[in-house]
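For reference, the structure I am asking about is given below.
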Amino acid sequence: MSELVGFIGLGHMGHPMARNLIKAGYTLRLYNRTRARADDLIGEGAQWANTPADVAEPGHVVITMLASDSVLESVAGDRLLERLGPGGIHLSMSTVSPATARRLAQRHQQHRVSYLAAPVFGRPEAAAAAKLWICLSGPLSAKERVRPILGALGQGLFDFGEEPGAANVVKLCGNFLIAAANEAMAEAFALAEKNGIERARVAELLGQTLFACPVYQGYGNAIAHHRYQPAGFKVPLGLKDVDLVLQTAAASKVPMPLANLVHDRLIGALAKGRDDLDWSALALGAAEDAGLPTPK
Amino acid sequence: MSELVGFIGLGHMGHPMARNLIKAGYTLRLYNRTRARADDLIGEGAQWANTPADVAEPGHVVITMLASDSVLESVAGDRLLERLGPGGIHLSMSTVSPATARRLAQRHQQHRVSYLAAPVFGRPEAAAAAKLWICLSGPLSAKERVRPILGALGQGLFDFGEEPGAANVVKLCGNFLIAAANEAMAEAFALAEKNGIERARVAELLGQTLFACPVYQGYGNAIAHHRYQPAGFKVPLGLKDVDLVLQTAAASKVPMPLANLVHDRLIGALAKGRDDLDWSALALGAAEDAGLPTPK
Amino acid sequence: MSELVGFIGLGHMGHPMARNLIKAGYTLRLYNRTRARADDLIGEGAQWANTPADVAEPGHVVITMLASDSVLESVAGDRLLERLGPGGIHLSMSTVSPATARRLAQRHQQHRVSYLAAPVFGRPEAAAAAKLWICLSGPLSAKERVRPILGALGQGLFDFGEEPGAANVVKLCGNFLIAAANEAMAEAFALAEKNGIERARVAELLGQTLFACPVYQGYGNAIAHHRYQPAGFKVPLGLKDVDLVLQTAAASKVPMPLANLVHDRLIGALAKGRDDLDWSALALGAAEDAGLPTPK
Amino acid sequence: MSELVGFIGLGHMGHPMARNLIKAGYTLRLYNRTRARADDLIGEGAQWANTPADVAEPGHVVITMLASDSVLESVAGDRLLERLGPGGIHLSMSTVSPATARRLAQRHQQHRVSYLAAPVFGRPEAAAAAKLWICLSGPLSAKERVRPILGALGQGLFDFGEEPGAANVVKLCGNFLIAAANEAMAEAFALAEKNGIERARVAELLGQTLFACPVYQGYGNAIAHHRYQPAGFKVPLGLKDVDLVLQTAAASKVPMPLANLVHDRLIGALAKGRDDLDWSALALGAAEDAGLPTPK
């Protein structure tokens, strides 16, 4: 008989992740705010729970993949922790602030539940292909137990020790670095365009040479053509994450001028009504500052 | 009989490039400020010229690889251009400003010499391995003629059209993007360190996943360990290039806040006497601002 | 018989303000976390209340002058509002965020109490001399009623309409402008010093000519001499206010790069253990970046 | 018989300054690129010279008030210095870079002519009213000799010692501080406007309280109403000065992030075709970033 795993949150990321676990032979018990998102997975063998707490089985693993710190905090409340109980593991895979992770870890400890931070890098397609990159931090023995689960979800696992917030700090660093790369390309392409050079040609050069890696290739092409739809990750979500970066930076006393710059670009994008564009649309800022024409 | 090519400038980059041309069967006529740098190449069959202008043969190609805009401008003077004459090509491979390239191109035209901008990406080891990436701009027919020469020097050629300054703009964009990536990593690693996370572990994650490309891997490792010596490219040279970026940006009316930020970091590095460190030492700024210990 | 006014918060600012009201003939009923701060005022005729709510008399005015948004929110709770009741006025003079003011105004309305935002500009000496500048916003009739009270506290009153948060926005703007002026002077003085010019001489010129106003004169002199003690307003308080500026800016979708810059300077000051210095010590950042010697 | 003084440059500033010297009893010998600007002054008793050098009388004083470093350098050439000769004084009142001042001072010394840097603060109206503020640096005895002349031009004199570039550094600091104050107000007013507060009302508060000084009052009112015409000092001139600030900062190794910010704002203003607006139009940047409507 296969191991039962609880799973809460069937959004763009959570849904394909849940499917991969079913494929890997786990018995999933699902909860999602809107039940319809679970229908196909139930058809594939998953169980349904009427409340978040009901996905938990004493001493088992519950995975959460939720939209925000506050949703996570309300879901991972006393009822869920009581049901999970001693020996239970909460594998928290959302991007939340390290401060939230630390607070939750403490609360979990009171119920002798292990809190594992396991935020991921990768867009929905990567989730579907089980090609996520996973950062992990938390108690050692719990990490050992979830290793097979994580193996069914990602292509690589990076362990950052036992401090509960560590994996979240690293995840935020990664998102900050993506935003920073986008700002850098936005400025460089504006300079090129103003000098009569085709933006896409510069993106091509970079993506084939010095910066032959997914971030510069994918975002580089989008920014070169100012193509920000369909949005993989919208401006408000990007802003939320950069905001978490800056909150963590302030709490840690780390001045981050480049994080401030991309934060301002994202605020500016919202000020201009770009809520539905991909967050790489922060690149419109540099183009507009230079007086370049941009798509409406 | 092999084609004769003039070559001026046998520095860290020029010397291995000249050798590759000899290996490829070209007859080189060399000039360098200090003759000793040419000795081994003469032993391998190259000729020596007593003045820069003397490397030129009417209608042939002259390559320059020099330290600064002003040196290039003084070398590529009337004497050299008169000797090269109609049909001659000046293949200018140094990193100089687009403004200098444009001024030189005009002066060359008066002597019916073609000016080709062909700045390169790659450190001395890449030059030695004929693995440079080459940006190219200038008159079409001249570009066709030098293609075999460039094939002996690099692993890839990117053509940016006929505008003489275009290749230089792209080269400056590339260097700016490297500096920007370094600043981004510096801030991210400072945040990680302040949260008790090993910097090198974050660099490793990035270099294996989202940013699996030479710039993030090489510089990432250096910055994680604050290892800035031996210097591949020293702070003053980095500052010179970012300064050219900002001059070009001002002339093109492109605000570049991130370029300003790395410019300030490099100025700060000089203010603290870091002239002999690699330019990635700009990363010390973010660490110091956060009150982190840094190596003396 | 004189009007009874409740007064909560006898810190550096609140204490001299309370005394001025006593002098002006008001009967004060005081509350402060530590009672000792009230002793002399009681000697001068003020009454003591055992809880914050007890300072309130139905339909009268209560003034608060507290250290933070959260303290204000806990003090201005249901008990106080019930006692104040219909026709009562809460004259809230602390520097808090506009968001807090708006939230409180709504809660007050449910008890038919008028919430008036009345933050002030001025250091403790100005409070003692009844020379504060007061920003005011809230319901018109309530503003009319408190005019005599405010007249006993300040030298000037600026009305910003009925929107409850407006006065707080303006107060935050003012504090931001002070911090910005300090950063500007810090950079200018560093440039002067590096060119062999006496910093204090530049401060003198500015304060007598273009910038002949209190902020440039007072802070200019302090920054020129790097004299940050005794602290009129410490780094953590300054950071708290700039943080409120940035939170308000984010909520209003206003990119404020200069506010980010001073925010980073203040975070940097804390990172270096400067918690006990005046917030103008943000100026040490520019000096250190330039490699200038600064006092330990 | 009155002392003869040479005067070169009758622009918006130079013309009223020359008139004040005539009024004070000096015999002026004038040169200007277009002679028509001198007509009225000749009617008031001044002499005309056919070349810049011809304004000089051996051992006397020559004043220059010119548009740029390069114009000044071409005017203050060997012919002028030979005519002035030993004991002559060149009172250089334009805003130029300290580097130019230092180079000129050296050249003057070879002719035993004293070079005095005496840049001024004040708009044309202040020049007409002899209310300029004058910064002065250079050889002591020469400074003593020109004191009465400067007394006829300004309301205050600030001596910054003998280093020839010092007065220019201070002048640049002043202009930088004005630009910085404008950026600060631009951000603050954008924040206020987005919160429903009248910009002009905030400007009024500031100008009457914390910042009761000419810069905040004059520019504050202009920026509050986005009124940038007629231009007292156009964007390109402002950019030129901030550019001199940054060049001096780079040469002195002083990172100046706030100077970079205003530099970017001015470049952005040019990118949007605002060449004819007053340089305080840099404030449009903050408004546009916040998505606020601005006048076309």
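A, B, C and D label the chains in the order they appear, each numbered from 1.
What we mean here is this: contacts are C-beta pairs under 8 Å (C-beta built on N, C-alpha and C of every residue); 3 or more make two chains touch, one makes a residue touch a chain.
Predicted model, so just to flag it, every value in this text is computed and none were measured.
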Which chains are shared contacts of subunit A and subunit B? C, D
From subunit D, the most remote chain by mean C-alpha position: A
Any idea if subunit C and subunit D meet via the same residues, over half in common, or different ones? same
Where are there more C-beta contacts: A-C or B-C? A-C
Quick one: subunit B and subunit C, Cα centre-to-centre, how many Å? 54
Counting only Cα atoms for the centres, state how far subunit C is from subunit D in Å. 38
Can you check how far apart subunit A and subunit C are, centre to centre, with Cα atoms defining each centre and the answer in Å? 39
Where in subunit D do residues touch at least two different other chains? 249, 253-257, 261, 264, 268, 271, 289-291
In the complex, the residues of subunit C that touch subunit B are 257, 264, 268, 271-273, 285, 288-291
Touching residues of subunit D toward subunit B in the complex: what are they? 243, 249-250, 253-257, 260-261, 263-265, 267-268, 270-271
Under the touch definition given earlier, write down the residues of subunit C that touch subunit D in their complex. 98, 121, 133, 135, 156, 158, 160-161, 163, 165-166, 169-170, 172-174, 176-178, 180-181, 183-185, 187-192, 194-197, 201-202, 204-206, 208-216, 245, 248-249, 252-259, 261, 286, 289-291
